[in-house]
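The following block contains the structure, expressed as structure tokens.
Should a chain be cited, it is by its letter among A, B, C, D and E, assigned in written order, with residues numbered from 1 in that chain.
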Amino acid sequence: MAFFLETLFGGLMAGMLYALVALGFVLIFKASGVFNFAQGAMVLFAALAMARFSEWIPAWTGIESRWFANLAAFLIAGAIMFVVAWVIERLVLRHLVNQEGATLLMATLGITYFLEGVGQTLFGSSIYKIDIGMPKDPVIVLEGAFQGGILINKEDLYAAIIAAALVALLSVFFQKTGTGRALRAVADDHQAAQSIGISLGRIWVIVWCVAGVVALVAGMIWGSKLGVQFSLATVALRALPVVILGGLTSVPGAIIGGLIIGVGEKLSEVYIGPLVGGGIEIWFAYVLALGFLLVRPQGLFGEKIIDRV
Amino acid sequence: MNTMTDAAVIAQQAPQASPGNGRKFGNVILDVKNISLSFGGVKALTDISFDVREHEIRAIIGPNGAGKSSLLNCINGVYQPQQGTITFRGKSFRHMKSRQVAEMGVARTFQNLALFKGMSVLDNIMTGRNLRIKSNLLLQALRIGPAEKEEMRHREFVERIIDFLEIQAFRKTPVGQLPYGLQKRVDLGRALAMEPQVLLLDEPMAGMNVEEKQDMCRFVLDVNDEFGTTVVLIEHDMGVVMDISDRVVVLDYGRKIGDGTPDEVRASPEVIKAYLGTSH
Amino acid sequence: MLYRENGQFKTSYRADQQIFPIRQDRLFMVLLLVVAFVVVPGLASDYLFRAILIPFLIMSLAALGVNILVGYCGQISLGSGAFMAVGAYGAFNFFVRVPGMPLIPALILGGLCATAFGILFGLPSLRVKGLYLAVATLAAQFFSDWMFLRIKWLTNDSPSGSVGVSGLQVFGLPIESAVSRYWFCLAILVVIALLAKNLVRSAIGREWMAIRDMDVAAAVIGIRPMYAKLSAFAVSSFIVGVAGALWAFVYLGTWEPAAFSVDLSFRLLFMVIIGGLGSIMGAFFGAAFIVVLPIALSQLLPAVAGLFGVSISTATLSHAELMIFGALIVWFLVVEPHGLARLWSTAKQKLRLWPFPH
Amino acid sequence: MQNILINVNGIEVIYNHVILVLKGVSLQVPEGGIVALLGGNGAGKTTTLRAVSNLLRGERGEVTKGSIELRGERIENLSPADLVRRGVVQVMEGRHCFAHLTIEENLLTGGYTRGSKAEVAASLEKVYAYFPRLKTRRGSQAAYTSGGEQQMCAIGRALMANPSMVLLDEPSMGLAPQIVQEVFEIVRDLNQREKVTFLLAEQNTHMALKYADYGYIMESGRIVMDGPAADLASNEDVKEFYLGMGRSGDGLERKSFRDVKSYKRRKRWLA
Amino acid sequence: QAKEQFFPLLSYRTGPYAPNGTPWANGKQDYIKLINARDGGINGVKLTFEECETGYATDRGVECYERLKGRPGVTIFDPQATGITFALTEKVATDKIPLITLGYGLSVSQDGTAFKWNFPLMGSYWTGADILVQHIGKKEGGLDKLKGKKIALVYHDSPFGKEPIPLLQERARMHGFDLSLIPVTAPGVEQKAAWLQVRQQRPDYVMLWGWGVMNSTALKEAQATGYPREKMYGVWWAGAEPDVKDVGDGAKGYNALALNTSGTQPKVIQDILKQVHDKGQGTGPKDEVGSVLYTRGLIIQMLSVEAVRRAQERFGKGKVMTGEQVRWGMENLNLDQKRLDALGFAGVLRPISTSCQDHMGSTWARIHTWDGSKWNFSSDWYQADEQILKPMVKAGAEKYLADKKLQRRPASDCES
């Protein structure tokens, strides 16, 4: 029982991190109809920037405070993500107004390669450290209730709280503001949105920038847990079933989806895995998402897919 | 065409004269009974009944959102009405797959162009022949003997339609690039390629000027005359409706408020109030 | 005035239904085939064959298969790598387990295994659409990755999961030398490309495209979505499966499941989109782009750098390669979102008007 | 002499780098006028409007020759959003409502460029007053409304921007006769009371000429005739080909659609 | 024509495995530079090289191989990946170029009579696993004490990670310990489930068969689940600086197999610092020189060079050797302690001597432990148990030959 709870908890925490990456996907999709595969690369890029700057800043400024280094690095990385968003709008999106989803998807894959290349050139391809002072060692709770207690990772807990806060913030933004509505309009029809005076360029820079900051937060947390390295970009593939399960257009969906996938894959790996030789979690996550889709083809909270003649 | 195969059936039933213009229709081919359809709270159709006789041109009119397109969608198997039955040549159904309806000989055009955007005009119309293609996948891949002959046969048929609709010049153009009016024609061509017994047209003349409407009318009338195809037509241009239809159904807010010859309908106060307005 | 169709009147629909109704195109095609079958083998080096031409041919074949599903039928697939893997391991099992199994039937049987697998993972497409479907195909991808690592029987009980074949021959002729491998792949590619072209311009091809462009309307004119989608999955995964078998047998020789990873799936999707969705020609362009470009870059960049007297380290080089590759993809998409094939036909159209524009 | 608001000067438009569609179109829209653009299918009306509102780029078209001026300012390089900010709004052909947004959200989005919430609310009420049908369907997603409802929504959405100039592409398409009438009344109303300028591409020649001051007739990418609306309406050719009047015994009268089928004619003004 | 011996260097400097692939590749390059700078090549034959980025991907690796194999004077390939090794094994036989897979690759390829062109020098995954079991047994006070113990293998889910399994199963059968297998999907950034399983099973020891980013992730997860690092034993690919550096204190006490030393004391490294790095010719950052993987790169390159030298002794000093001749040299290496000392590798590795039958040359390794800032040896040398290995290698080689319908090399072949 204690172990089951631990697994459950571990799944929830992993799910929260997936959700954070998924959130980036959702933001951009919802606001522009672009399925942004570069989200993974953006996480990597942002995290690399943060990791390297937090290392360089004390060297440059001679100020040894970790807080200062981290804060400055976070701000610089955020600024870099803004530049990235701006450049992407200028050089890519602007020229692909009104194109089909597949084309846009490919363009983001192109961006992925580009960012990976630039990221590694500027910041290197070793493993780097982000140390934001998260506690590393586990704590055991409820030792009274269960034999051996339940192991909980404080780091996970903090990560989850940050993720949840971010999501709450963004949900409000989308639901309550006029900009949120404009974003959805752009996703539906680029041209019509233009025709009523929505400036696609501005909208896109805003959204990609927000997505960049989300990526930065995701990268920071993930990086502080596991180090920053090229493979961080592959978390995009982990987050994919989450986005889809939650619904491509739903911010809360990303969270719920993340939790379901996180729990589902950890439980399956731990309980079913050993029976079949293990290593099933990744495809299990996809199959799980698929199962949900068969019931609700638009994902749990996604907007209904419109097909009408 | 297809209707000819049923010539025997038709012959047994005494042709009936329509009141007025001396056109002849056969028996009831399509009978819609007590159809009701709602989407959540929205009642799109309430208890609609009407019939269509073989050979006739039956118009459906009504204000925007009255439920005209939804009615066609029900006949077509795209929507499934909650109540009522639809009888087509003696077969009754409420839930029917689109494919089955197509097989029975019902074709249709769409209000919001539903063409296959990435395909050429020719290919679009060819899809209308798909129901009749018999060769299997392997034969088609090899394209030998029967498969090729079959393809040729259908191609010839489709070319006749293309000639008929006067769109020869655009055969190979992707339909997405055609102007709106021509796309409507292609839509009609695709439906005609099915050699339907009943042709459902949803605002085929929207977005056309008078001359083009005249062309469209000519196509519809020719099809109706020469092949005996029954036509159900939704149209907002009263000139067209009054001129070419034999009988008219009027819908308003999902209810039927009138049914009869153009002249009868035109005279009905309820119809005037709900739809025509006084200016007509 | 070189490229004109004026004056080439078709007197029958049959003539108009040819794959290349324009004479110049036909000539060009014949020339191309002659070059491919005769001239290239005379000129190309061993390296060109083994490292570029053979992978290019096989990837073209795979891209062709993917294009049928993605480009023609509009079902986004990120599981092509899995279909290739199933084709490869399927063919492998028939090849090593059935004594005396000849190569070509083994490849076809491998393709059929992929077909079955493709249909299975295509089933969700009846309900799930668009990007959401990508999940189903990714499930296929990760499942196959796992399956070939974990189920020993499939890898002929090789402890590491890596398997290999050798001593390939067709009709008694060994397929060992680079040229013979090249010819073998080329022949298969030409045959399958022809069949595929026939399919896409026949009734079934039109059904696929109809489903892609507007499925509700397609249903109304009597197209069964289920049949159309599943047949697209079947045909596509067959071709992809055969390509996978070739990749394994002819190109790699010995391979492990990682040879068919999700990366490969992405690359295939790339090829199809860069090349041009819904275009057989596009598959070739796309494959050329994705196969050749990185290699060309990795050889060109040092040379270019050398010109300027700088020597770049391998690391910088490979990062620069990534960057340029990504940038080129974006650039091509910006220039022509419908892919290289469209660029090609636009060029032809211009040529047609040349020298008098409009 | 009225101010020229829009001055299109000999523009050529090419789609996809190869398809030449407009072959030197020039037209002027005076401030406060209603100008109709008439012509058969494929004549290039939509393309002309797109060129003015700068929506061509999304269709991979470009203006390759000529110039377009708004109040004397060249506008070819502005973005559509810039134009909206200058008061020029287009109602696109084929409706283009935001499928996932409700009717009301569609309309509110139309007011995106406007600062004050109160003004937007007032406009909303105005649009609802124009199209009561929209009010009853306000909560439903645009994709699930009927064709005509979507058309009303598209028009209403454009009006929400409080434009000074509206490019209307086939506003009457798919609308019931009464509503068509109303739409044109709205046009006249806005024109007279709020001095909104209109450039409208329309197939319903009868209505268009009735409400417009001036008309241009296009044919395969060229302007083939222009003149004050009243003159056009009384032109013999226009009557025959655009208004469907046939020559019968005692002069011109509307011919029945049933009778035109037997013979074929084509209008030919060749430029 | 200049006399040049060409060394194709397959490497990876991007991707998930770059942190580990890079120092390795740098070591190889620097050694070549050193030989040229210090000795003027091998008996006057200059060494040249070209690097090709594989990204650890098989198809890119094959392309690199095809690209470089035709160069004049091509010597030997070290693909730096087990997957690429598989794909190349057959190709090198046709092209007659030896394939060196020091410490990785196919364990059965130790058998030189079946695998003429493969050289898994200094150890295979079977020898490595065997040594780990021996060490754990010793810790427990004898191999018989392993009975009832639980050992978990957390492995990279690929042929590389799966290689040791047959041997461990054999050992488990012999000593009665429980072996549980926990795969980690490549590249290994997500290991939560794996470590939850570890926590659930509470194994007495964990063996880590990882590479690249998987290693540091494993250590961090171990820390997060509270698994004692002292009980963790990595393969020699999971025991270098990049694996532990950024884990910091969290990796303290973690053990791994060691094939070689690290540090800058050895003479060869001093030479490199002086003759290569100080002249601005160094390939990577200076502070990486002497790290575990860097040193391993040196060793690999040194063995390649020695094979050429050995071949020259037989086929003609000062000549450019062909692949065939280098293979002979590789097969007849005899680097005793004296020779190693002379080469500046004193204490870096154990003597190694190969033969036509035995392409491994040495099956010795020891354990080192991370103290938070550097690796320290914590055991003596172990040799893998011949008794267990021999039959397994033999059986594996037989199966390979049967599958491929090949014959063993006759003894006469050994002379050529």
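The rule is simple: a residue touches a chain if its C-beta (ideal position, glycine included) is under 8 Å from a C-beta of that chain, and two chains touch if they have at least 3 such contacts.
Keep in mind the model is a prediction, meaning the values are calculated, not measured.
Between the chain pairs A-C and A-D, more C-beta pairs are in contact across A-C. The most distant chain from subunit A is B, comparing centres defined as mean Cα coordinates. Each chain's centre was taken as the mean of its CA atoms, and the one lying most distant from subunit D is E. Of all chains displayed, C has the C-alpha centre closest to the centre of the whole protein C-alpha set.
Centre to centre, using the average C-alpha position, subunit B and subunit E are separated by 75 Å.
Centres computed as Cα averages put subunit A at a distance of 50 Å from subunit B.
Each chain gets one centre point, the mean of its Cα atoms, and the points for subunit C and subunit E are 37 Å apart. Each of residues 145, 149, 214, 216-217, 220, 315, 319, 321-322, 337 in subunit C touches at least two other chains.
Within subunit D, residues 144 each touch two or more of the remaining chains.
Multi-chain contact residues, meaning those touching two or more other chains, occur in subunit E at positions 13-14, 18, 22, 157, 183, 185. Residues 13-16, 18-19, 22, 157, 180-185, 187-190, 192-194, 196-197, 199-200, 212-213, 216-217, 220-221, 223-226, 242, 245-248, 250 of subunit E are the ones touching subunit A in the complex.
Touching subunit E in their complex are the following residues of subunit C: 45-47, 50-52, 55, 96, 145, 149, 156, 159-162, 164, 166-167, 176, 251-259, 263, 295, 298-299, 313-315, 317-319, 321-322. On subunit B, the positions that touch subunit C within their shared complex are 76-78, 97-99, 101-103, 107-108, 110, 114-119, 123, 126-131, 133, 135, 137, 140-143, 147-148, 151-152, 155-156, 159, 190-191, 194. On the side of subunit C, the complex with subunit D involves touching residues 337, 346, 349-350, 353, 358.
For subunit D in complex with subunit B, the touching residues are 15, 19, 38-43, 46, 93-95, 133, 137, 140, 144-149, 151-152, 170, 173-181, 203-206, 241-244, 254, 256-258, 260-261, 267.
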